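Both of the next two complexes hold subunit A, though its partner changes from subunit B to subunit C.
So, the complex of A and B:
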């Protein structure tokens, strides 16, 4: 059967057309994406990469809710200028507990992957409420409501950690049991600050230096 | 074209044809235009926030991070998908010579989709956000989208299955690929474990999640914003210019090449990121290959209209469609160029990406949709367009707005990319992040003006189409008799 007459068949048959499209469009994913999903080395955490604590996880969920990743990447490319500006380039093993990944696609503001430890907690609190009090030129929005809402109201922390454990994050029963009391007395801004402070600290100290 | 000519000549046989279901098409056009206005207004507003960051007034729901996903999702799923459903329903009936399979399901599809867009948009303002780009909606909406999408597929393929014309026309392949591939991408990328109604965690983590997300993100652009709208082009351009497709064989070859090669290009969104290098390299090769089917389709479209240039003088609808092909050509050339690591190293993370997206979204998607709406609406209600002059003004505004937008973002993006990478003779960074950021203000101001110009044009169209539709019903359109040469043969099973 020549190619043309084969095509004539597809062209006149709804079922064959559907099947043909599905087959042809699936090949790329099967050859290129599936091997990546099976590559175990991408699931190996770097030395100091730990699952997020109850507070950090809550902070990360606030980061997601406010859409911070729209303007801030978390991915330092292995380029001289980037390593100078932000710190050691990002390794896959630092993100194994990131569901979803938040590498971002746009830097309206600076990259935040190595922001952890660069500023004090107080600086972050002031900056988050009104960025222009510490950086007059900043075009970042203020997040005053984060200082008014309790971190315990951000979501169901026990359900979250239980769900993540199902996905393979090594939380202990004790960690999950203590999760609610960990959040007690904290505001959302504290949780978000805790998350920002842990960012990028998962590397071996040897490499980080 | 022969069958269409007979129909216009009041052939008595025409009386026997099925009546097309067109009221649902009109309703989808109305929703599409509404979402365009809402989502573009959100876009203009957030572009102003980059100049005056306090105009969110301390309100969480006006915050940039929440309005930006509303802007993108409103354009893609509200404006774009409603337009694709409208044009798919319109053209599949006319290329199959039958009424829609189950008009009731088509109406359900129409309203259920609008409900998903409305509630989904509100959920984004409430902060339900998975953060995966163009897949930000949380799991209850993902399920609803999948269900409505399957029903869209049932109506569409059901109509093709009961067609009276033997060959399946090329526009239907592109709409078909839209339905099938988007279903595959949507389901795989959104797999997650639900925690509460507003929260879920992705089944994939870190680098693996990144690769899955950009397989989705790139191909949502590929099969929705490119492929779906090519379906629109393949029906409405020949119809409107009164010329058959220049090379039907080229359209067939380009379709399969497009469907095969697009899907590989996603990881070019992750150059120099922490994913395997072979995946990045492969995506570059496939991105460059992709230029061939993309431009083959553009050339096919331009050649189709090449003997009908004189119509451009009098017909704003055709002007929009032809110009959209030029922007399609620009965007599909720029894309592969930006996939080269040496270019990407500058363009990645900058406003260049935003400019690239808008040369596609404004120049290609919006323009071809506007041209198609100007073509369809008068025909659907059997009345002339309220004002051709307003449509011509709209054309000028759309072109000016798009050009200014792209130029502003090229300026912003290329400067950001080069200044960030710049180091002096002893290897120190030449500019702080703050220096570069503050120098963006003139570009952002230009972009705001560009957005306002484009939005003004869209508002003019909204008024124009509303006045054309006001007080009118869909005219009764019947399927014309089928040319015996193309009639379904009983032995051929559909």
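So, the complex of A and C:
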């Protein structure tokens, strides 16, 4: 049988044609996506990767809300120029508690994956309110309202942590019970700073070299 | 650094599906171009082809031949690629290439090309480095990249929070060794909040005394000597081992007016310098920075 007579058969039989189209368009996914979903090594958190605390999780939500990932990526590629500038390249296991991940796809500002610990909390506070106070040539907008809004008003932290636990994030009952009091008295800027300071710190020191 | 390749069953799954897809493509291409002529003309065109609008027929002749060569080229390329590079399940490819290995080898080249320069910097004394204009320009570049976000592009400090590095006042000491320690290990200064224990009045007294340090009869002097002198010294010259700044001079990191000093006394201060490990600053870069900053 040649492909031409097969083609004729398929063209004259709608059911067969639909099946054929589905089969062909599924092959890419069957080869590239399905095995990855079943690859345990990609779901293994790196040594120091922990689920985000109530404060960090709130900071992460603020990061999403303010669209930080529009200008900042969180993925360091295994190229010497990036590793020299930003630090060890990103590993899959560092993102297991990111739902969704904030990899981003454009760098108007620098990559932020290894920003944790690079600057002090005070620096982040000043820089977030008005970046030009510390970096005169910066084109980043200021986010002064972060210092005026309470972190506890950014969504329902207990509901968020409970939902994430259902997805497999190992939060304890005590952590969830303490979540609201953890946020007490904190402003959004404190939560965002806490999130920025934890970024990229999940790597084993051995690998980091 | 082994790439995350699929293993076991899924490796076989990928290999089989990839090979079957490729084989199917080869069969389709070959049979379209090289099918036996009878099935084309007698069966296809005459008996079964529908005819629309009186003369519009679906032809069955093969697409142009250059398509064939292009498809053949693409097939050969993908076979070659799958043999040389990772792609077929857990097979790592004949070239043994991976992103991780590429990074390692570019680092080897990098180290090699800079080793001589680094050795040269390591062997040069600080004062000679300071006299070398080209190297000091390199030091300026490193400073702008790593330090300027806090200490300012000119190094004069900013935001009433990050100290001036070009003056003679060094909170943690300005000797090359002390600067190295500050850079490698980071620093955490801790000025407690005093108002709770001193009370409003004594806090004001101390603040005023700090502005009139030479006034030996000042009301704040006793309070100072009882509470502040342990770190900042009786004479107020500070202690570089604790990071306690000199209070007798005119340099005030957090502001030297009465309100700023009161704010410092009331809320305390926790100055922090992040650590710069080997990855952020290698030994040669560190030495250049020290040469730039040390007096």
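One rule holds in what follows: the second predicted complex is superposed on the first by the 185 of 209 C-alpha atoms of A that agree within 3 Å, B and C clash if a C-alpha of one lies under 4 Å from a C-alpha of the other, contacts with A are read in each partner's own complex, and residues count from 1 in each chain.
Methods note: contacts are C-beta pairs under 8 Å (C-beta built on N, C-alpha and C of every residue); 3 or more make two chains touch, one makes a residue touch a chain.
Being a predicted model, the structure only gives us computed values, none of them experimental.
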Which superposed partner A:3 touches (first subunit B, second subunit C, both, neither): second
First, second, both or neither for A:126, with subunit B first and subunit C second: second
Partner chain in contact with A:99 - subunit B first, subunit C second, else both or neither: first
Subunit B versus subunit C as contact partner of A:174, first or second or both or neither: neither
Subunit A residues touched by each partner, larger count belonging to subunit B or subunit C: B
Contacts of A:118 with subunit B and subunit C, given as first, second, both or neither: second
Which superposed partner A:27 touches (first subunit B, second subunit C, both, neither): both
Which of subunit B and subunit C A:67 touches, first, second, both or neither: first
Subunit B and subunit C contact sites that coincide on subunit A, given as residue numbers: 27, 36, 39, 42, 78-80, 92, 135
Subunit C partner contacts - residues on subunit A that touch it in the complex: 2-5, 8, 27, 30-31, 34-36, 38-39, 41-42, 78-80, 83, 87-89, 92, 117-123, 126-127, 133-136, 208-209
Complex interface listing, subunit B residues touching subunit A: 49-51, 53-54, 56, 58, 60, 63-66, 68-69, 127-133, 157, 160-161, 166-168, 173, 176-177, 180-181, 184, 188, 193-196, 198-213, 215, 223, 252, 256, 259-264, 267, 269-276, 279, 282-283, 286, 345, 348-351, 353-354, 416, 420-423, 427-429, 433-434, 437-438, 492-494
Complex interface listing, subunit C residues touching subunit A: 4, 6-7, 10-11, 13-14, 17-18, 21, 27-28, 31-32, 35-36, 39-40, 43-44, 48, 60, 99-100, 102-103, 106-107, 110, 148-150, 152-153, 158-159, 161-162, 272-275, 279-280
Interface residues, subunit A side, partner subunit B - complex: 7, 11-14, 17-18, 21-22, 24-29, 32-33, 36-37, 39, 42-43, 61, 64-71, 73, 75, 77-82, 84-85, 90-92, 94-111, 131-132, 135, 137-145, 155-156, 159-160, 163-164, 166-167
